[in-house]
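Every chain is named by a letter (A, B and C) in the order it is written, and numbering of its residues begins at 1.
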Amino acid sequence: MGWLNAVVQGVLLGGLYALLAAGLSLMFGVMRIVNLAHGVLAVVAAYMGYFLVDKLHWSAFLTLIVVIPAMAGIGYVLQLGLLNPALGRGGLAPILVTFGLAVVITNLLQQFFSADTHSIQTGTIATDSIHITDDISIGVFSLLTFVVGVVVIAGLQMYLSRTRGGRAMRATSDDKDAAQLMGIDNKRIYAKATAIALGIVGLAGVFLGMRTQFSPTAGDATLIFAFEAVIIGGLGSLWGTLIGGMVLGVAQAVGAQINPAYGILIGNLVFLAILAFRPTGLLQKAVNS
Amino acid sequence: MTLLNVDAIDVYYGDFQALYGITLNVKQGETLAIIGANGAGKSTLMKAVAGLMTPASGSITFNGSDVTKLPSYKRVPMGIALTPEGRRIFPSLTVEENLLVGGYSKRTGPWNLASIYDAFPLVADRKDRVGLNLSGGEQQAVAIGRALMSNPDLLLLDEVSLGLAPVVVEQIYAAMPKITNAGTTVLLVEQDVNQALKIADRVQCMLEGRTVLEGTAQSLTRDQIASAYFGI
Amino acid sequence: MSIAENLKVKRATKSSWAGLVIAIVVVALLAMGPYTFGRGMQQNLVILFSLIVLGTMWNLLAGYGGMVSIGQQAYIGIGAYGLVYIADTLGIDPFIAVPIAVIIAGIFSLPISFLAFRLSGGYFAIGTWVIAEVVKLIVEQMDVLGAGSGVSFMALTTLSPGRRIAYVYWLSLIAVVIAVAVTYLLMRSRLGLGFTAIRDDAVAAGSLGVRVTRSKRIVYVVSGMGCALAGAMIAANTLRVQPESIFSVQWSAYMIFIVVIGGIGTIEGPIVGAIVFFALQQWLSDFGVWYLVILGLLAIIITLLLPRGIWGLISGNGRIRLFPVGYRIANPLEKFALIKPAATPEE
C-alpha cells in the first residue's frame, strides 16, 4: 500500500465526510444553528438501516427509501417542536438544546441497542474493488459513496440557487424579517431546511453504517469530522465542504499510513493548522454576513 | 370602495405608546400620503398595516377581512406589500433573485420581471448584481420592484426618499404613475412634503402618534400643513 | 434635583449578608467532615465538590462569558495528569503539585484560546471539543503518561487511607471555596461589569472601551485552571487516571446539565445544579444511563421554559441574591421608570 493509494482512498473518504457535513452546513447557512446532535442523528439513521436489514431482511440500499423520508420527517418535527422555540431564546439556547438532545439520543440508543458495535450488511459490494495499478485499487463502495456525496452537494447547490424554495431559504438566511414581507413564513422555511438536512443525514448515516462498524457513541466522531469538513472548506460554501471533506479524508488516510494510531490525530491537526493559518477556510464565500 | 380601513389603533413599543387611536381609510385606486416629522409614528403605522407590529387595540380591515392579528407573511398573499424602512434588500441575492423572491406568493397581475425592468430601467441594468453592491437609489428601486412582484392591491412605501440624492428621488418618483395607473392602491409615508403632495390624492398629517390634519392634496394650504407638521 | 441624587446604589443586600454567614457556617461544618463522616461519604462528597467546581467554572465561561465549550475536559485531564506526573515522577509534594498542575493548565489554555477564539457560537463549542480530543490523542501516545492505559496516582498511598481521604476531602473543600470566591470576585470586578455590558450589546460595549476579546480570554484561562483543579481532585480521589475517561466529553455533559438545571449566569446556580445532578446520579445509579436521559431532557426543558433554572425558581427570579455580583438601586423611584422593557416588535 503506497502513499498514492492513501491519497486516493482519502479523497474517496472525503465524499462520505462531505455527505455527513452537508446537512450541518445547510442548517448553519439558513438559520445559524450548529446542530450538536447532527452526528448522533446520522447514527440513528445507521441504526434504522441496521434494523431493517438485520431484523426485517431488507436489502441495504432499499432501506434508503424509508430512512431518508423518516429522517426528514424527524427533522421537520424537531425544528418546529424544539429548535424554533430555542431560536427565540437567545444565542446559547440552540447550542444547549441540541447538545442535550445529542446526550439523550446517544443514551437511548445505548439502552435499546447496547454499547456493542453493529454494521449494515451490504453483501459483495463491500469487498468489490476496481484494480487500477498494482498499488492502487478503488473499492466499489468507496467510489459509490464519493459519487453520491458529489451528486448530493451538486443537487443541494442547484436547489438553493435555482428553485423558488431554495431562493426563499437564502433570502430568509439573509434577513428573516424582510423575507416575511415577501410572504415567506420563516419558521416553515427553517423546518424545510432541517428536513432536507436530516434527509441527507439519513443517506449519510446509512452509508456510514454500511462502511464501518458503529456504536451509539459513533456520533461524536461523526459530528467532529463533519464539523472539520465544514470549517476546512469555509463557512457558507457547499463545494468548500466537499473539498474540506476530501482534505480531511486525505489527512486521515496519510496519517494512518504513517502509523495506524495517527490517522484521526493528523486529521485533527490539519484542521487546527487551517484554523490557525487560514481561519476563513479554503473556499471562502465572497459575501460574508 | 374602501380597500384598507384602520380603525382607532393603539400601538406600543414595550411601555412606549407610538400610536394613539389612529384611524385611516384608503379607497381602491387612491394614493394616500402620510406626512409628519421624525417620530410622528408614520413607520409604526406602516408596520402595523404590514403585520410587523400588532396593535394593542383597534382593528385593521383589508378587502373586507379583519387582518389585525395576522402575521406579515399571511398578509402578502392577500395583497399587501411593504417596501420597508431601510429597504432591506437581500444582500447575497442578485437583483433578479430579489425580485423573484418578491414574487414568492405567486399572485398574478400586471407585474412580472419584464414589466418591472420596463418600468425601472435602473433595475434592469443591475439585474445580475448582488444586493450588497447596490447604491442607495438602486436599492430603493429594487425594493419597490420587489414589492410590486407580489402584484399587491395595496403597496406600502416607507420613506422612499430617505437618504437619497434629489435626482435619484426624482427618478424613482417618475415611475409612480406607472404603478398607480396599473390600478395599485398606494399608501406612502414621506418626510418630503413636496414629493408627497405631487403624487398623492389625499394627505394625512401625523404628530406624536395622532392624526392632526387630513384632506385632499389640492385642498390643503402650505400654512395648514406647516402648522400641523410642526405642531404649532 | 437630579434623579441620581435621589438614588442610593449598593451591592450587598440583607440576603447577601445572610448568604455570607450561611456560606461560612456551611463550610465550617463541612470542614469537620473527616471527624464525622465515614470514608465512603467523604469520597462521595469529594465527587460532589468536584462537580461544584466544574459547574462553577463552566458557568463562568458560558453564563458570564457567553462561550459554550464542550472541551473543558482537556483541562480536567491536564490537571489530573499534571498532578500525577509532578508528584509521582518528579517527586514533588502532592499538595504543592496541585497548584503547579493548575498553573500548567493555565499556560496551556492561553495559546489554545487563540485557536478556539477563531470560532464562535456552536462552532466554538465543537472546536473546543476537537482540541480536547487532540490533547487526549497526544497523551495516548506518551509512554511517560502511561499511554492508552493511563497511570495510577501513587504519591498519596504512603499515607494511611483514613488520613489520605481526609486530606483529599479538605483539599477539595478548599477548591470549592476558591472556585466560588474567584468567580464571585471576578464578576464583581470591572471585568464582570464589562461582561454584563457585552451580554447586553457586544458592539456597544466594545465601542465604549470594554476589551471584549481580552475579557473573554481571561475568563477562558481562569475556567481552564479551575477545571484543572477539579481534575487534580478527581485524580486524588480515584487514584487512577485513564485518557478515555478523564478526557471524556461526558464531563462537558455533566457541566452543562449542572449549570443549565441549576441556573445559568448566577453564582448559586451551579451549586444547586451540582447537588441536584449528584442526587439524581446516585438515586438512579441502578438504572444504567437513564439518569443522563432524564438530565438531558430536563436541561432541554429548562433551557426552553425556565431559562433561570432551579435557582431562578427558588430565588423568585433573582430577587434573593446570596452572592450578588451586580449593583442594585436601594430605593428605586418607580415613577422615573429608569429601565424600560425593550421593544419587542412582532416576529
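Quick note on the criterion: contacts are C-beta pairs under 8 Å (C-beta built on N, C-alpha and C of every residue); 3 or more make two chains touch, one makes a residue touch a chain.
Note that the coordinates shown come from a computational prediction; the quantities given were computed from them, not determined experimentally.
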Interface with more contacting C-beta pairs, comparing A-C to A-B: A-C
If you average the C-alpha positions per chain, which one ends up nearest the average over all of them? A
Rounded to the nearest Å, the gap between Cα centres of chain B and chain C is 52
Between chain A and chain C, what is the gap in Å from one C-alpha centre to the other? 32
So, in whole Å, the Cα centroid of chain A is separated from that of chain B by 44
In chain A, the residues touching two or more other chains are none
Hey, what residues on chain B touch two or more of the other chains? 51-52, 71
Can you pull out the residues of chain C that are in contact with at least two other chains? 347
Chain A to chain C touching residues, read off their complex: 28, 32-36, 82, 85-86, 88-101, 103-104, 107-108, 110-111, 220, 223-224, 227-228, 231, 235, 261, 264-265, 268-269, 271-272, 275-276, 279
Along chain B, where are the residues that touch chain A in the complex? 50-52, 71-74, 76-77, 81-82, 84, 88-93, 97-98, 100-102, 104-105, 130-132, 146-147, 150
Would you tell me which residues of chain A are touching chain B in their complex? 164, 167-168, 170-171, 173-175, 177-186, 287, 289
Which bits of chain C are touching chain A when the two form their complex? 62, 66, 68, 70, 114-115, 118-119, 121-123, 125-127, 129-131, 133-134, 137-138, 140-141, 249, 253, 256-257, 260, 264, 288-290, 292-293, 295-297, 299-300, 303-304, 307, 347
